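Can you read through this structure? Questions will come right after.
Each chain gets a letter, A, B, C, D and E, in the order it is written, and its residues are counted from 1.
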Amino acid sequence: QEAWRHGIVEAKGDSGFLFQAAEGGFDDKHGINIDMVQFTGGPTALKALIAGDLDSFEASPVIALSALHQGADVKIIGCDWPGMTYTVFSGKDIASAADLKGKTVGVSAPGSLPDIFTRLALEASGLANTDVTFANAGGSADRVKAVGGGVVAAAASSSEFAIDADALNVKPLLKGVEVTPQFLKVCIMTTGKKIAERREAMTNFLAAEMEGLAHAIANKDAMLEVARKVGHLPEDDKTAEFIYNEALEYKAINADLAIPLEKLQWVDDEMVKLKFLDGNADTKKFVDDSVRTEALARVKK
Amino acid sequence: MAHLEVQNITKSFGTHNALDGVSFNVEKGDVVALIGPSGCGKTTALRIIMGLETATSGQVKVAGRPVSGCGHDRGMVFQHAELLPWRNTLSNIGYGLEMKGMKEPELSRTAMHYLELVGLTPAKDRRPHQLSGGMKQRVGIARALAIDPEVLLMDEPFGALDSQTREGLHGELLSIHAKTQKTIIFVTHDLDEAVMLADRVAVMHAGKISQIIPIELERPRLDMRAIRTSAEYSRKRTLIWEALHDAGVSAAA
Amino acid sequence: MTTDTEIQAPARVERRTGQASWTTTVPAWVITTLSVAVATGLWEFFGRDVNPLLGTYPSAIIKAFFSMLQTGRLQDALIQSSQPFIVGYIVAAIVGIPVGLLLGRYRILESALGIYVTAGYATPLIALVPLLILWFGLGFMVKAVVVFLLSFFPICINTWFGVKAVPKTMIEVGTAFCASQTAIMRGIILPATIPYIMAGLRLGIGKAVIGIVIAEFLTAISGLGGIIITSANSFRTAEMFVPVILIMVLAVALTALVGWLEKYVAPWQSEITGHDSV
Amino acid sequence: MTTDTEIQAPARVERRTGQASWTTTVPAWVITTLSVAVATGLWEFFGRDVNPLLGTYPSAIIKAFFSMLQTGRLQDALIQSSQPFIVGYIVAAIVGIPVGLLLGRYRILESALGIYVTAGYATPLIALVPLLILWFGLGFMVKAVVVFLLSFFPICINTWFGVKAVPKTMIEVGTAFCASQTAIMRGIILPATIPYIMAGLRLGIGKAVIGIVIAEFLTAISGLGGIIITSANSFRTAEMFVPVILIMVLAVALTALVGWLEKYVAPWQSEITGHDSV
Amino acid sequence: MAHLEVQNITKSFGTHNALDGVSFNVEKGDVVALIGPSGCGKTTALRIIMGLETATSGQVKVAGRPVSGCGHDRGMVFQHAELLPWRNTLSNIGYGLEMKGMKEPELSRTAMHYLELVGLTPAKDRRPHQLSGGMKQRVGIARALAIDPEVLLMDEPFGALDSQTREGLHGELLSIHAKTQKTIIFVTHDLDEAVMLADRVAVMHAGKISQIIPIELERPRLDMRAIRTSAEYSRKRTLIWEALHDAGVSAAA
C-alpha cells in the first residue's frame, strides 16, 4: 500500500467527513494508505506542501491564493466543502451588524480565512471595513471565547460553535451561507510536481475521498462514529451532529469534489479588492481538474 | 562572673570531633592567646564564640548572657581575611561600621583612621584581589578593630606579616588594649607573640585545652625590647614550648 | 581570669541561629506540599464558579485525567511527545555544554561564534518553523530539532557565562602544574562551572517543554500539545488542563532530578555554599 | 650562586603566554565582523537556490528592508513592539531579581513558592494566551504581560540559583559583623550573585523577544511580530526576514548592553576572572 | 651559567610598580629565602618566575632557556594554598602528578607518600573546606613537592603552621634537599626559618632587592638545635634583621 500524506487544519466536529476516507477503509480499497496530518495554521501546512512533505492539503483557498499569485507551484484539484459554514458570532447585546460600528472585531491573521470572511460578511451587511477595528483574537475557539468574554464585540468562527452559544455568552449574528454564498470554504490542493510524480496515487486518493464523503453523507452514524473517534469527543457531544445537519441543509459538502471556478474567481477578486493580493489573476490556471475527472471515472466504475 | 564564659563546648563534624569539651573563662580586659598544632580546633573554638557555628554541646556566655549568633560586642578577624571582593580597602574596613549603623562622614573618618593604623593608606582604593597576602590580613584586622567591640576574636591575625609590620601592629594592639581594656582572644603559632601580648596562654591539643599558662608581665608593655630580655619572658616562653610538646602526651593519656 | 578546664556535665544542646527554629526543623517537602494543597484548594473553591467553557477546577481536571488514562489517549500522547523531547534535550545538553565551555575559554571562538549563540537564543524561532519543516520534515525529526534549538541556547549560554565567572586564581593552579588545555578544561573549568551548567540544564528543561508544545502546535499536531489544541478548540477546558498540568509536573520533576544530579556530580558545591540545592 | 642586583639595560618586553599571539592581538570585533561577513556570504551563495516561498538570501532581505524603511512600516512596527517589550522586560527584572534573591535566601519561601516558579517557567504559556486575553484584553497590556511572564522566570531562576551558589564563608562575614538580613541581602548576596543575575538578564532578553513575537502573533497582530506573520502568511519570505533579523540584531545589542552594564555595576568581576565580559 | 636567572624584571599594575628591576641568579641546588615587608613584591616575583604573570620588562631563564608559561621543571606552593574545592586531600596532592601524566597505582602511592610526609593521613578524604588553615597549606606543600620539580617556588609555605609542624616540615625539606639538590626559592617572614634553611637570603623592599646575605652554615643541617646556638646563625640573623630595618632607608635613597 502506498502512503499518502494529507494535511488538514484543525479538524473539529467536521472530522466525521474529513477522516471518512482514511478511517472508513476507503483508502485501503484504492490501494493507498492515507496519513492524515493536522495543523493549527494553514500557511505552515502549505509550506510543508510546497517543500514536498505533504502530498496534498485541504484548507481554504484563501491561504493558497497569495502563494499562487507569486507563482507557487500549487494546484487546486478538488473542492470537498464549497459551502461557507462559517459564522460571525457577536455578544448578546448586538442586535444587528450595524451595532458593531466603532467596535472591535476579532479575526486571526490578516489575510486569513476568518479575516477575509469577516470583512466580506460585514460589507455584505452594509458595514465598511473602516467602521470597525480588527484585532487578532487567536484560534477559532479562542475568538469565540474572546467574544463571550467581552474582549471583542464580534468574531468569525466555524458555525459549530453555535451549539454552545448560550454557555459561551455569544450569539450567531451573520451566517456565511446566507451573507456570502459565493465564498468557497475548503478545497484540496497539491503541487504540480506531485501531480507529475504521483498521478496514479493521487487519483486513488481523490477516489477514496469521494467515496468516503459519499458514505458519510449517506450514513449519519458512520459520520458521527468517525468524528467521535478522531476528535475524542465525549458521548454527549453535539457538534458533529450539528455539522452533519448543517452540511446537508445547506448542501455545503460536495462528494464529487467539483471545483466551482466562478466562486474561486469571486474570492480572488474580493481579495484583490481588499488589497490582500496585488493584481488580478485568472484563477483557472490555479486549477487542475484532470486528476479529479480520472478519479470520478474510477469511482463510477 | 567572668566576661566571657566558654562552658564545656564540643563540636563534631560527622564522626570527627573538632572540639572535645573546651571550657575556660576570660575576665573583662584579659588577653588570651590560643596556641596549638594545626587542626587542633582553634578556629572552630573562635567561630563558636563568634556565633558562626553552633556547638554540638555546651554554651558560650558573654557578660552572663548566652551567645546566640552575632553581636557587636564581639569582633572577628578571620584566618583567611575574608574580604568582600567588591569593596575597596577603605570600604572593607568600613564594613563593620556600616553594619553598626555609623553614617558618613564619621564612617569614612573612622575607617581612614584604622586604614592608617595598619599602614595601608597608599592601597586605600585597591580591591582585595589587588592586595598582597599580608595587606589583606591587615584589612581584616582593621575591619574588626574599627567596630570597637568589647571582645576581639583574632584568628592568626599577624600570621602572614613581616616582623616589622607585625611588631608595629603588636604595639598598636597593646596601646588600644591599654586605652580601652578590651577582652581579646587571639590565635597564634608564635610563642613570642603569645608571651608578649597575652595575660594567659591556652595551649590546645586535639580539641582540648591541655594547659593554661598565666603570663605575669606588667602592663602596659611598652618597651618590647626590655620585656623580651626579662626572666619571666623567657621562663614562660619555655613553659609554653614544653606544654606544646607535652600536649600530645597528656591529651593522649 | 578564672580557668576551668575540668569537664562539666554536658549542657543541653542549644541550637540558636538567626532564623526561627521551626523553619529549619519542618522539612522542605512538607512546606511545599502544604503550599500546593492550599493553592489547589483555593483554585477548587473559586474555580467552580467559573463558566466551564472558560475555566476549570482541580477535581474536574482529575476526573478528565482518569478518563483520558482509561482510554489510553494520555499515555499515547505522552509517549509521542516524550521521544522528540528526550532526544532534543539530551542532544542539546551534549552539544551545549562543550560549546559553552569552548566559547567561555577561547576568546577567538567567542569572538567568531558567540554572536550566533546570542543571536540564535533571541531569534523568534516560531517564525522559522516553516524553514525547519523544509529541512526536517513534519515528523519526529522536526520536533526534536525545535526542542534542541530551544534548549540548546540556555544550556550553552549559561555554561559560557559560567566559564567566564571562574576565578583566575583557580585556573592558575592548573597553569602552574602545566596542565594541558584539555586538562584545565576538564579538571578545573568544568567542575568550577557546574553550578552554572546545572542552572542552564534546569532552564533548558523549561525551554524544551515550550519547544515540544510549540512544535506540536506548529508542525503536525500530535502528542500532549495536540491534546491541548484539540481540547481548547472544543471548549473542553478540564481536558485541556490535563496535559498542561502533566507537563508542568513532569518539568518540575525533571528539574528536581537535575538538582539531585548536581548533588551527585558536584557534592562539594552544596557543602561550600551550606545550602541544599533546590 | 652569583648575585647581581645592579640594574641592567632593560630587556625587551616579552609577552609569551600559552596562547598564540595573534589571537590576543586581533581585536574581538574584527573577528566577529569577519565571521558574520563570511556567514552572510555563504548564505547569499546558497540561499539563492532555495524556493523564494520557503527561503531567502541576504541581498533580498536588504532590499526588502529599505523598501519597508521608506514606507515607514518598519519604524512604526518597531515603536509598536518596543513599548510592551520594554515595560514587560523591565517589570520582569524589577520583580524577578528580588523574588529570586528571597527564594535563594529563605528556605521557607523556597519551599513554599519555589515550585510555582519552576512550574511557571515550564508551563506552555502559549497554551494560556487565550486565558490571558480574557484577563488583559488584546492590546498593550496583554503583550506586556506575555513579555513579563516569559522573561520573569529566567531572571528569577538564575538569581535564585546564584544566591544558592554564594559561598557560606562570604555570608559569614556579614553574620560576624551582625549585618541585618537586609544588609546581608543587599551588601553580600546581591553583589556576590551579580554574575548570575546578569546571565539571567541576558537570558531574559531572548525570552522577552520570543514573548513579544508570540504576543503579536496570538493577540492583536501588531508590530514586528505582525509583519512576520503577515509576510509569512502571504509567502513574502524576504520581507518576513527583515523583522526577524532586526529583532536578532537588537537582541544582540541589548545583550551586549547588559554585558556593559555588568562591567559598570560589578567592575570587580571581570578583574577577578581576568576575562572581559561578553 | 646559573640554574635560574632573573634578569632585571619589572612589573607594574596600572601606575603601581610592584617590581622595580629585580635581578638575581641562583645556582643549581641553592636555597634562597625571599624576605621583606608585606606588599614589597615577593609573591609577584615568584609568580613571574613560575610563568603565571608576564613581566612588564626583563626576563627569567631556567637552565639557560627563557621561561614562558609553565613547566614541570618548576613547582609552586601558593600563598593561599589554592586547593581545588572538588578534590579531597589525597587527590589535591596528586593533582600535579596527574598533570605530569603519572598513572595509577603509582599516582596514589606517590600521593600517599607526600600525604604522610605532611602529616595529613587522617584527613585523606576531606575536602578543602573541611580542613583547617594550616592543613590546607600543608596540602599545598605536598602537592608541589610531589611533582619533584628542579626548582621549588614556595610562597610562605610554613606561615600558618605551629612551630612543631613547621619544624617537622623544615626537617623534611632539608632532607629532601640533601637527597635531591633541588633549587629552592621560598618566601618567609621568619628570620629563623630564613637562616636555618637558606644558603642566601634576599632582602626585598618596595619592588627591589636591597641586599643578598649569604648564610655560611654547613649542609646537611641535621641538628637544628646545635645550629641555632651557633655564632654564624645569630650573626646572620642580626644582619638580616638590620637589612630589613635599613632597607626602607636605602631603597628610599
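Just so it is clear, contacts are C-beta pairs under 8 Å (C-beta built on N, C-alpha and C of every residue); 3 or more make two chains touch, one makes a residue touch a chain.
What you see is a predicted model, and the numbers here were worked out from it, not measured in a lab.
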Checklist entry - When you check each chain against chain D and chain E, which touch both of them? => result B, C
Checklist outcome for this item: In the contact graph of chains, the distance from chain A to chain B in steps is 2
Next on the checklist: Taking each chain's centre as the mean of its C-alpha atoms, which one ends up farthest from the centre of chain E?
Outcome noted: A
Item to check | Top-ranked pair of chains - ranking by C-beta pairs in contact | outcome: C-D
Item to check | Where chain C and chain E are represented by their mean Cα positions, the distance between them in whole Å | outcome: 47
Item to check | Centroid spacing, where centroids are CA-atom means, of chain B and chain E in whole angstrom | outcome: 27
Checklist entry - Can you list the chain C residues in contact with two or more other chains? => result 18, 54, 130, 134, 175, 217, 232, 272
Item to check | Per-residue multi-chain contacts in chain A, two or more chains | outcome: 43, 47, 51, 139, 141-142, 145, 149
Checklist entry - Residue numbers in chain B touching 2 or more other chains? => result 69-70, 80, 130
Checklist outcome for this item: In their shared complex, chain E is touched by residues of chain B numbered 13, 35-39, 42-43, 79-80, 123, 130-135, 138, 155-156, 159-166, 189, 191, 241, 244-245
Checklist entry - Once bound in the complex, which stretches of chain D touch chain A? => result 51-54, 129-130, 133-134, 137-138, 217-221, 226, 229-230, 232-236
Checklist entry - What does chain D use to touch chain C in their complex? => result 18, 23-24, 28-32, 34-36, 39, 54-55, 104, 106-108, 110-116, 118-119, 121-128, 130-131, 134, 153-154, 157-158, 160-162, 164-168, 171, 175, 181, 195-196, 198-199, 202-203, 205-206, 209-210, 213-214, 217, 225, 228-229, 232, 240, 244, 247-249, 251-252, 255, 269, 272-275, 277-278
Checklist entry - Given the complex with chain C, which residues does chain E contribute to the contact? => result 50-52, 69-72, 75-76, 78, 80, 82-86, 95-96, 98-100, 127, 129-130, 143, 147
Checklist outcome for this item: Given the complex, residues on chain C that touch chain E span 169-170, 172-180, 183, 187-188, 191, 266, 268, 271-272
